[in-house]
Amino acid sequence: MIGNKTLAVPGPTNLPPRVARAMAVPLEDHRAPDMGEFIVPLLQDLKKIFRTETGHVLVFPGSGSGGWEAALRNTLREGDRVLGASFGQFSMLWVEMCCQLRLNVTNIDCRWGEATPVDAYRRALEDDKSHAIKAVLVCQNETATGVTSDVAAIRAILDDLGHPALLFVDGVSSIASIEFDMDGWGVDVAVAGSQKGFMMPTGLAIVGVSAKCMQLIAARSLRRGDTDIGYGYWDFAAMLNANKSGYFPYTPAMTLMRGLRESTDMLLEEGLNNVFDRHFRLAEGVRRAVAAWGLRPCAIDPATVSDTVTAILVPEGSDANDVIKAAYRRYGVSLGGGLGAVAGKVFRIGHLGWLNETMVLQALGGAELAMCDAGLAFAPGSGVGAAISYFNAQKPANLLAAE
Amino acid sequence: MIGNKTLAVPGPTNLPPRVARAMAVPLEDHRAPDMGEFIVPLLQDLKKIFRTETGHVLVFPGSGSGGWEAALRNTLREGDRVLGASFGQFSMLWVEMCCQLRLNVTNIDCRWGEATPVDAYRRALEDDKSHAIKAVLVCQNETATGVTSDVAAIRAILDDLGHPALLFVDGVSSIASIEFDMDGWGVDVAVAGSQKGFMMPTGLAIVGVSAKCMQLIAARSLRRGDTDIGYGYWDFAAMLNANKSGYFPYTPAMTLMRGLRESTDMLLEEGLNNVFDRHFRLAEGVRRAVAAWGLRPCAIDPATVSDTVTAILVPEGSDANDVIKAAYRRYGVSLGGGLGAVAGKVFRIGHLGWLNETMVLQALGGAELAMCDAGLAFAPGSGVGAAISYFNAQKPANLLAAE
Amino acid sequence: MIGNKTLAVPGPTNLPPRVARAMAVPLEDHRAPDMGEFIVPLLQDLKKIFRTETGHVLVFPGSGSGGWEAALRNTLREGDRVLGASFGQFSMLWVEMCCQLRLNVTNIDCRWGEATPVDAYRRALEDDKSHAIKAVLVCQNETATGVTSDVAAIRAILDDLGHPALLFVDGVSSIASIEFDMDGWGVDVAVAGSQKGFMMPTGLAIVGVSAKCMQLIAARSLRRGDTDIGYGYWDFAAMLNANKSGYFPYTPAMTLMRGLRESTDMLLEEGLNNVFDRHFRLAEGVRRAVAAWGLRPCAIDPATVSDTVTAILVPEGSDANDVIKAAYRRYGVSLGGGLGAVAGKVFRIGHLGWLNETMVLQALGGAELAMCDAGLAFAPGSGVGAAISYFNAQKPANLLAAE
Amino acid sequence: MIGNKTLAVPGPTNLPPRVARAMAVPLEDHRAPDMGEFIVPLLQDLKKIFRTETGHVLVFPGSGSGGWEAALRNTLREGDRVLGASFGQFSMLWVEMCCQLRLNVTNIDCRWGEATPVDAYRRALEDDKSHAIKAVLVCQNETATGVTSDVAAIRAILDDLGHPALLFVDGVSSIASIEFDMDGWGVDVAVAGSQKGFMMPTGLAIVGVSAKCMQLIAARSLRRGDTDIGYGYWDFAAMLNANKSGYFPYTPAMTLMRGLRESTDMLLEEGLNNVFDRHFRLAEGVRRAVAAWGLRPCAIDPATVSDTVTAILVPEGSDANDVIKAAYRRYGVSLGGGLGAVAGKVFRIGHLGWLNETMVLQALGGAELAMCDAGLAFAPGSGVGAAISYFNAQKPANLLAAE
């Protein structure tokens, strides 16, 4: 393959040169006397990204799935009831993990392309007079279908009903890319990964934990005889305790921590609201392109389309995998494939992280080349042109200021 | 701090430029159609490092402690009996993790500086006529005290007694540095980390799993009603299954995998026996230096001194932390501190991974500078000189051939 | 600026990650005993890129302009007559350098956009019965106007007339990108730079020197009393002599040499003819885009359009600098500006080096965004679409094979 | 070669990770609209390193030898008289270059190991009543013999005699490492290279030019008919003119410029006087080691020993190349070889740039290993020990403050 590859999957995202440089460091002793001077402010700044003042952010060497597990292991006991919904590959897998860890899951099966079913959640919580439900799962951004759920609405229900269940959010492909407000929404555990909005390599599970959650964990330890589901590696309390002075219960992935420092700086420098606006703008460009191609997104309700990934339905009779394969093999463009129930039916364009207009145009151009090869009927250039026209018509203030 | 820092801790080790370059890659799609062409041979070659043909090597985003947990969660059920020993910080922590995961641990407490107590293990296993002990833990190289245990001897006891317990080995600071023979020693789970003999950043738990172990896991799934301790993130079966075609159950840390490919190549190019010989030679240079300083190692039995780290006892009345602090703050030399029971009593010099004679001399020189500052009585240059004399007297064949 | 910058100038080109990695090495001693093992084969392989078997390739720390000077200083004496032509910024500057070095230049002034005037050269050489003209200059690819000249035609004239003048070629933006045949065309000095077809940072002047040229230099040293123009730093004979064993007359830029090894490997792996075909194909995509925009190239004769850079005339009344500034400031796209006589009249898209279809589409997309901002009338997407259609219609065999 | 190589030559020096990272950037357009914002302050800050307020610093893609040539070509005419001295490889080569460029050189031949002969210079200048001598050359630090000359003394002579000759200083291995005061010493052209005190890869000739020199150049251009020796690539006036707005007469080596920005920052952050003190301290450690080995430096007058490189005489009957070869081939240590008249008689330890105590100890340890192999009689550890004792006895304030 000659020339740069184009990464248009919904994570890993493109690696900013600044972050690459920040990680190009000699290895270091994580027990160095001055390590706290680096770690403590980093963890503090991560709280700004999660928008929490009362909670904590913990960073584990691991992948986002580890964050899912951390949420469950630290707070629940075997047999505890959990409310979840399956409307895509990742929301489904989290529910499956609950089953595997022998939690008692109330799973609401939805059509893939729907969002977290707010009304169904309300009904389930209303019915739960005994407060048997200990935790409610929300996948804020279902990466497989490009659908964003309304976390605030779930919080409102819980508040409305006075239901004490913990609120767990899978924010892997949303946090640091689209609006997320941990304190405002009363999220108890929020799971992010380094390879999405944080613009980093995979390897860190970044987990927000509320004060309420930590209190519950502290109380739990008093009744250790109970059959909890064992926390081990993902132990929030041990991590938080070691973090206080800037250290860790076991060897941290220091190289990635150096990258995380840089990417956190970059997010705060740009300003979270500007980050969110940029993601909306770039996503909207992609959506205009999709419409110009005569295709439609997998998301059923237009109000739920995701600003970090667009899953695009190919016409009946076409195989989305033909597009994906041609894009990868011929043009070096990595598009996201359809997973599980939508395999072969959708291809996905990720648009999150370190991204700007021309990078989106490159991905769209690559998709058009591949769509030609796969025999899809559309006017070459129409998608790119629609995105250009949108970008031209809707210039943000900071772009205009860049004279 | 002007000038290079010297990393003389027992991990992370020094990062070879080759490995750094191998990781300086654009991020990539771990679901790319051709990913299997990269992953499958890598996992195959890792088996050569572990010296297993019948077993498997699995790589998890995580830290070595995750490997400990993986061993336990995949194979044991709540209340299962485990035999372990505590003779240093890391052997002790693994035992503590067993307790936390509600296993029933027979722990043999030893003096720090001793190795795994072979005779006590024999007695415990002899007494276990009912084969209640399901797993035996051996910390091959206790990093906190610089002591190497005899894994083969434990295997011999199990064989001798016809005891079916699984044999779990913490090889975090031994595998890829000193002799390790997974098949030869009948090890069932062997835990390594990327930041030691593999000469990489922290971030990968590299775990060898025997065929016997996988069979046991396969059998287990038939009786899911049982109260196992939940495997989740560390699920060997799910990992092995996805690995067959070169993929993963969740996002792998691809950047580190690229580094691991390179470091595995480097180890195989050097030849494992040459790697082991080099570690012995460099370690012996350090030991000669320690003797020349008039100090002695923490390891009680000279036959058990480790070739990857030397823990050095400071004289009564001196504080090892004074040496460590001066080394770090004044000379940029990271020495290992005394952990737990030996805090303040020892400082440690790591000598593993990407290392040669002059790097050892630099670490020794830095230690001498710091020992001066800490007021230890010794002849400056004596340690370095003893190492030079040893290196000069004992030239390996490949050094002589390098003309 | 968020997101990657797009480099669409005719050099420096994009840096391949492989080359970046090859240069990410510790600094090294250029007098190391084994340096010859690296340098000698590298210089040998560079001859393949220049397509010379009888000549030599010399590498100087410096920039392409240094190569121009090297050609003149090593071979000519003050007052020697040189034949050149000015039809763009760079052809003009080389002629000016001849004047500055007190050579006696016959300069043929052409319209910018023309190529080397073959007929005028023939007449000048025919008129030179006394063979006063010692050297003939040809700028193979005029980077300022995107025009390629016919070097072979000039050689044919010299042969035809039996004229002994040396043939000097500025191949800075052509060698390693479009056809160049040093031996076949009888080129005596050929000048390249690292930052164009070699896909490297700026910093190396790479100069091909014919056997005839070296013989002439050897003969010259016999009559040192003569007033040559002093060769000093650029001394071909001293360089060639030191190179024989793999060393240099002064400190070489070793880091860049490591990169040059890698880029040379990449060119030879792809195959020079494939490299040339790729450049034609990508250039043609750009030309289709330009036509779709309703614009035309600066090159007057369509047969002379360059495959490494397209200079695009903006309509009367528009300022090309508006396009360039908007592209750079708003979208991070570096387009080439109009230089000298065509300032404000053209913007340039470079398309050479480490480049593929989607990178061209990104540059075109960025240009379209900027053309919108600059108020140029065109249909957004039309250029990108034309390129996509062309790329789709004209698939090379190796792309089709990439299944 | 396993393990890091040790670079103990007097340039290239070790590359600081900060500088490596600063150069790990995408390639960029040197004609970008905002380039001046980067270049202008950089050139301004370089003046602080040269300690000139009235002069200028110019940066050419090239090597230090190019700087020598630049000094000559810009200021002198064919046949102009130049006063120089040969007391080592590099002082000699500069004199030879003057001859090659047909200058009229008064060369004072000295024993290798001597410094610039101040008295002989005084006599020559006194005798030159007609002021035929247009330039005086001083090699401030003769890298081949480890000898520092007294530039201020030469300036004092010129002032004393009211002699108008230009003062040219080869500061390649001194500037940014040991005291250099361009304005204070009235230096007219000062030549540095990137790969020494600037801690960078080779590839930049960094040249200080006095206001007096630029005035002379400006005057010269009025009488262009004269036979100057042609300035071309190294044209100070063209460079200075383009630099005013932050641009260059030809493509600059931007990647190296990014590194130069970082290394300049590092020098200014440390403080030049601290840089000089550090070099003295580290050099003195090496000198103590040499004395402990029973060897002596090549520098004849102890007052002239260099703080950037120590050339060490081996005993009669020994071959210094045996030390150098063993060091390189067996231990990966690059020592400097003896050049020209001292080949085989000396080996050199460079101690400049990015260097601290333990790096010196590593080089000394490597030298000791190689001296053992070469059969030199000395007590292993004696040199390292002497250095440690010196470093311990003479702690600078900033080291003590590093608690």
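For clarity, chains are labelled A, B, C and D in written order, and residue numbers in each chain start from 1.
Assume a contact is a pair of C-beta atoms (placed from the backbone, for glycine too) under 8 Å apart; a residue touches a chain by one contact, two chains touch by 3 or more.
Just so it is clear, the structure is predicted and the values come from calculations on it, not from any experiment.
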Least step count from chain B to chain C, where 1 means the two chains touch: 1
Centroid comparison with chain C (C-alpha atoms), farthest chain: B
Between chain D and chain B, distance of the C-alpha-averaged centres to the nearest whole Å: 46
Rounded Å distance, chain C centre to chain D centre (Cα mean): 34
Residue numbers of chain D (touch at least two other chains): 4, 14, 20, 24, 26, 325, 329
Chain A to chain C touching residues, read off their complex: 1-4, 6, 14, 24, 270, 278, 325, 329-333, 354-359, 361-366, 368-369, 372-373, 379-386, 388-389, 391-392, 399, 402-403
Complex interface listing, chain B residues touching chain C: 17, 20-22, 24-26
Sites on chain B touched by chain A in the complex: 4-5, 7, 9, 11-15, 20, 24, 26-33, 60-66, 69, 73, 78, 97, 100-102, 193, 195, 201-203, 227, 229-235, 249-256, 324-325, 328-329, 334, 336-337
